[in-house]
Amino acid sequence: MEKINPLATSLAGLSLSSPLVTASGTCGYARELSEFFDLGMLGAIVVKGITLAPRTGNPGTRLIETPAGLINSIGLENPGVEKFISGEMPFLRQQHAPVIVNISGNTEEEYAALATRLDKVVGVSALEVNISCPNVKTGGMAFGASTIAAARVTTLVRQHSQLPLIVKLSPNVTDIAAIARAVEEAGADAISLINTLLGMAIDIETRRPILRGTFGGLSGPAIKPVALRMVYQVFRAVKIPVIGMGGISTWQDAAEFILAGATAVGIGTASMVNPLAVPTIHQGLQAYATRQGVRNIAELRGMAHQQ
Amino acid sequence: MEKINPLATSLAGLSLSSPLVTASGTCGYARELSEFFDLGMLGAIVVKGITLAPRTGNPGTRLIETPAGLINSIGLENPGVEKFISGEMPFLRQQHAPVIVNISGNTEEEYAALATRLDKVVGVSALEVNISCPNVKTGGMAFGASTIAAARVTTLVRQHSQLPLIVKLSPNVTDIAAIARAVEEAGADAISLINTLLGMAIDIETRRPILRGTFGGLSGPAIKPVALRMVYQVFRAVKIPVIGMGGISTWQDAAEFILAGATAVGIGTASMVNPLAVPTIHQGLQAYATRQGVRNIAELRGMAHQQ
Amino acid sequence: MVEHRPHCGIAEVVENIKVAPKIWRLTLCTPEIAAAAKPGQFVNIRASSQYDPLLRRPFSLNRIDRAKGTISVLYRVVGRGTELISLFRLGEKVDLIGPLGKGFATSHPRQNSLFVAGGMGIAPFFPLAQVLSADKATATCLYGVRCADDLAEVSHLETIGVKVVTASEDGCGHYHGKVTDLLAATLCQEDFSLGFACGPHAMLSATKDLCLAAKLPLQVSLESIMACGLGLCLGCTCPKSNGEDYWHICTDGPVLWAEEVDFAWRR
Amino acid sequence: MVEHRPHCGIAEVVENIKVAPKIWRLTLCTPEIAAAAKPGQFVNIRASSQYDPLLRRPFSLNRIDRAKGTISVLYRVVGRGTELISLFRLGEKVDLIGPLGKGFATSHPRQNSLFVAGGMGIAPFFPLAQVLSADKATATCLYGVRCADDLAEVSHLETIGVKVVTASEDGCGHYHGKVTDLLAATLCQEDFSLGFACGPHAMLSATKDLCLAAKLPLQVSLESIMACGLGLCLGCTCPKSNGEDYWHICTDGPVLWAEEVDFAWRR
């Protein structure tokens, strides 16, 4: 008899060996993390954001440490979709975890083109549509800031791809539930949130913003309370599953997101600080499920909403 | 000859002995802090939020510590405007700092009534209209979330008071600059921001949100990058002065906000953790002004916007 | 309002020793606080110079040595703040505020006092006993623990004349059972003039009921998460028994008359 | 890609001593890292178990002792991370990752090597000198400091046969002036087969220009704020001299050939 895996779950038609996924852009294309733990522990590998053309990323300082947080301004440095497929997919296909490709466009057409290109690529299990990147001039977050724009991008990608469609939302909005409903109606199979909060820092000696692009994205433990609140709100607003992320660093954090309603949870900044974060959280969640007396962690999903 | 005070500044017609003000609700009615330092160091005393009727505040847990942050759900506990005037104003009038009264209403009428009542009270130097409290059911943040509602409250208070009018914005919005412009057009004399970010936490053993009201307001160093970004954005959007706050804990933090465009800066959570935060920041800012070779700190205001 | 203008400053570690498997005593040199402190008051200590953990940690005064200018706190390592505090070294500089809150009211008839302590609730009783014994008042301390590892202070209290009766459910104490059961039994046997209790919420609640029934006036020392400890944030509430509004534990308490507190409250 | 699979784990503090007013050497027992490490590589150390400071702090390997299974870093206390590290005690457990990055390329002709160090840039040269001296290659180290307080390592380097010439603008060194002026003078007098430089950005930039002019191949060890040190975040960039894209210092470096780097970049 097979040993029952209390962390196994499914999301948008994919079966995941655990609710733990990588947060896009914090784990490259999984090569580096594979040196630290068995990637099979991951429910899915969400790769660094891919664009149509290669991008060299932003000039100048890209990282600022803040209290319990990190501001980044990477600017979607990536080899472009073609080189990603030829250079990274062969390695990724060999891993024992579904691969979710995070895509970003400057225009609606670019999103459509990316969806089309990735649709039939062997080993690509789902698309995560990033409508929330704060680090590129045009596009990016603009799509995530209005229900109409968010829905349009979703519809378009839906038209160009058969793959399960995850839309990644920006937290820099007044009404996250409204955006979530809009992308659900437009055909999203799942929602992931949150991307980074827009933040900045100023060098008090040069008197200039530290980042060339002035603003960057705040991630890490500092933003966890906000992320958890948004996951809780979105869980109530939509029927499709939610991938929760934002500052998750311990199994306790992951448990909170699951109780708030997350089907899966993304580990981002924590893996960068501690490449063993995923296995540590994996172990902790397993023990937690047992202590809570559930056979599968999914039984705890959304429990915080019960009266 | 009088000694020149490099920190003296003015805001909405008030002359402040320094850019440092208390952040509403983190320093009560200034009695407690007066035991730790000379309140004359403060540019203004911004008192705990006042409502028309007394409020006992929220039941249950009101505080949650988070990484470099604090979630609070006080629920505007206060004695009501009458008892505030009779019980607290006599003490406040004796302090050598202008008193700014932070007001909150459940309805537009309540804001109007508060403005009317406080208009002629001796010793009240300005009103700070809180359209951003996350901890009361009706009203509060709802007014701060839309340009129209924010403008309406501002107009109304303007009609009922001759006092300088500061409107305090909620950070939980897509476009803070738009809200700022709306309240400026509606007659605000200054803007203060940010109030707390909406956040939450879940008890993983009871599986329930820790706060009875589910959500609370996140403050402290964790939110500083977001607050600084919003002050920077609002400074570009409006001509009226800005009181910046959110996580300011050191003179370096205060300097960043001034460079971003703040005329004054509010010290909140930091004073609760360290009641000597204000004098420490005061001293640090003074030395910074000297080192930067300016005769008055106001010369540094908004410098981060220069090319 | 706090009773004394609290002192906020840096104190040097004089001693930081483990007195039981998870329990430590930290002694700090802070003449200002030692001079002003009263039994039942507390100090608020920063566990780290960084922003995480952000908030200070409150601890009851466990020793007040005016002559040496030192105070001590007796603490249990339960989380990251107390973990960090247990690493404080001799000579290290500690950022603290105190004395805070209102201490035990000792101006009431108290010829024969009763202390009820649960776990770390034992912490504030030594200085209280010192004040009482200076006035030749007698005191009995009922002290409940989960296991022998949780025991502290017994011999110290005995040295200054307190009669200590320990209770535990694992049988390590004098009495086998809950401290509140021991209390019920004790109240049947002996008359006391004043009661003082400190410990977990449920224990305090049961203690209140028993003392009320026995017409024994009772003071309780309460706990709450605190952001400031100074009355600034209004976050440290417990409901008044009037059913209308709240006490603020850091300034109205931590010691309150049990009858003024509504123990039905839960988070 | 890093050259070895890096080790992530806990190492015990064997020594943490002040070697100059602001400079400390931390020695950790970590046989895995000691076994794999090469000169010029670095380790990434967590300064705190809490979330503030959040990021690890990178330091060059200053000693690699395979036999003892220890490594050391030589660090200057410049901010709160290094301040916390200076408090690490004997026996304390430290969370670190290493060895990271690409070290110095020593497979090139290097009979007579030249080191150029600015301030803490001295740190990686001792293990490099050990490798060179094991091969009977000679090395000269030009070492620039601001003042005598910044001097470290001189006698250690001399012990293993490195000729150290110090430069300072306050006159405490052999040469009165900038280390790059000393470099210019030295390059006129002597021929070297390979250059290695580590130090502040401006110094490296000037060193590159001088060595280029003297046709001396030069490797530079670069710094950058790092979030991961592993190639995950792509945050630690410096522009390539091709003017098109970026090196990632943690994986492509920290040691790069000077000619491949565009030093005109500023933050």
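Order of writing sets the labels: A, B, C and D. Residues in every chain begin at 1.
Keep this in mind: a contact is a pair of C-beta atoms (placed from the backbone, for glycine too) under 8 Å apart; a residue touches a chain by one contact, two chains touch by 3 or more.
Not measured: the values here are computed from a predicted model.
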Following contacts chain by chain, what is the lowest number of steps it takes to reach chain D starting at chain B?
1
Between A-D and A-C, the pair with more C-beta contacts
A-D
Chain whose Cα centroid lies at the greatest distance from that of chain B
D
Centre to centre, by mean C-alpha position, how many angstrom separate chain A and chain C?
47
Find the geometric centre of each of chain B and chain C from their Cα atoms only, then give the gap between the two centres in Å, rounded to an integer.
36
Got the chain A residues that touch at least 2 other chains?
64, 66-69, 220-222
Which residues of chain D are in contact with two or more other chains?
50-53
Just say which it is for the chain contacts: an open line, a closed ring, a star, complete, or other.
complete
Can you list the residues on chain B that touch chain A in the complex?
64, 66-69, 71, 145-146, 172-175, 197-202, 204, 207-209, 214-215, 218, 220-226, 228-229, 232, 247, 252, 255-256, 259-260, 288, 300, 303-304, 306
So in the complex, the part of chain D that touches chain B is made up of which residues?
50-52
Could you please specify the touching residues of chain B with respect to chain D in the complex?
67-68, 221
So in the complex, the part of chain D that touches chain A is made up of which residues?
1-2, 5-6, 8, 46, 51-56, 95, 97, 225-228, 230-237, 239, 244-246, 265-267
Chain B contacts chain C in the complex at 25-28, 31-33, 35-36, 48, 56-57, 59-70, 72, 74, 77, 210, 220-222, 249, 269, 271-276
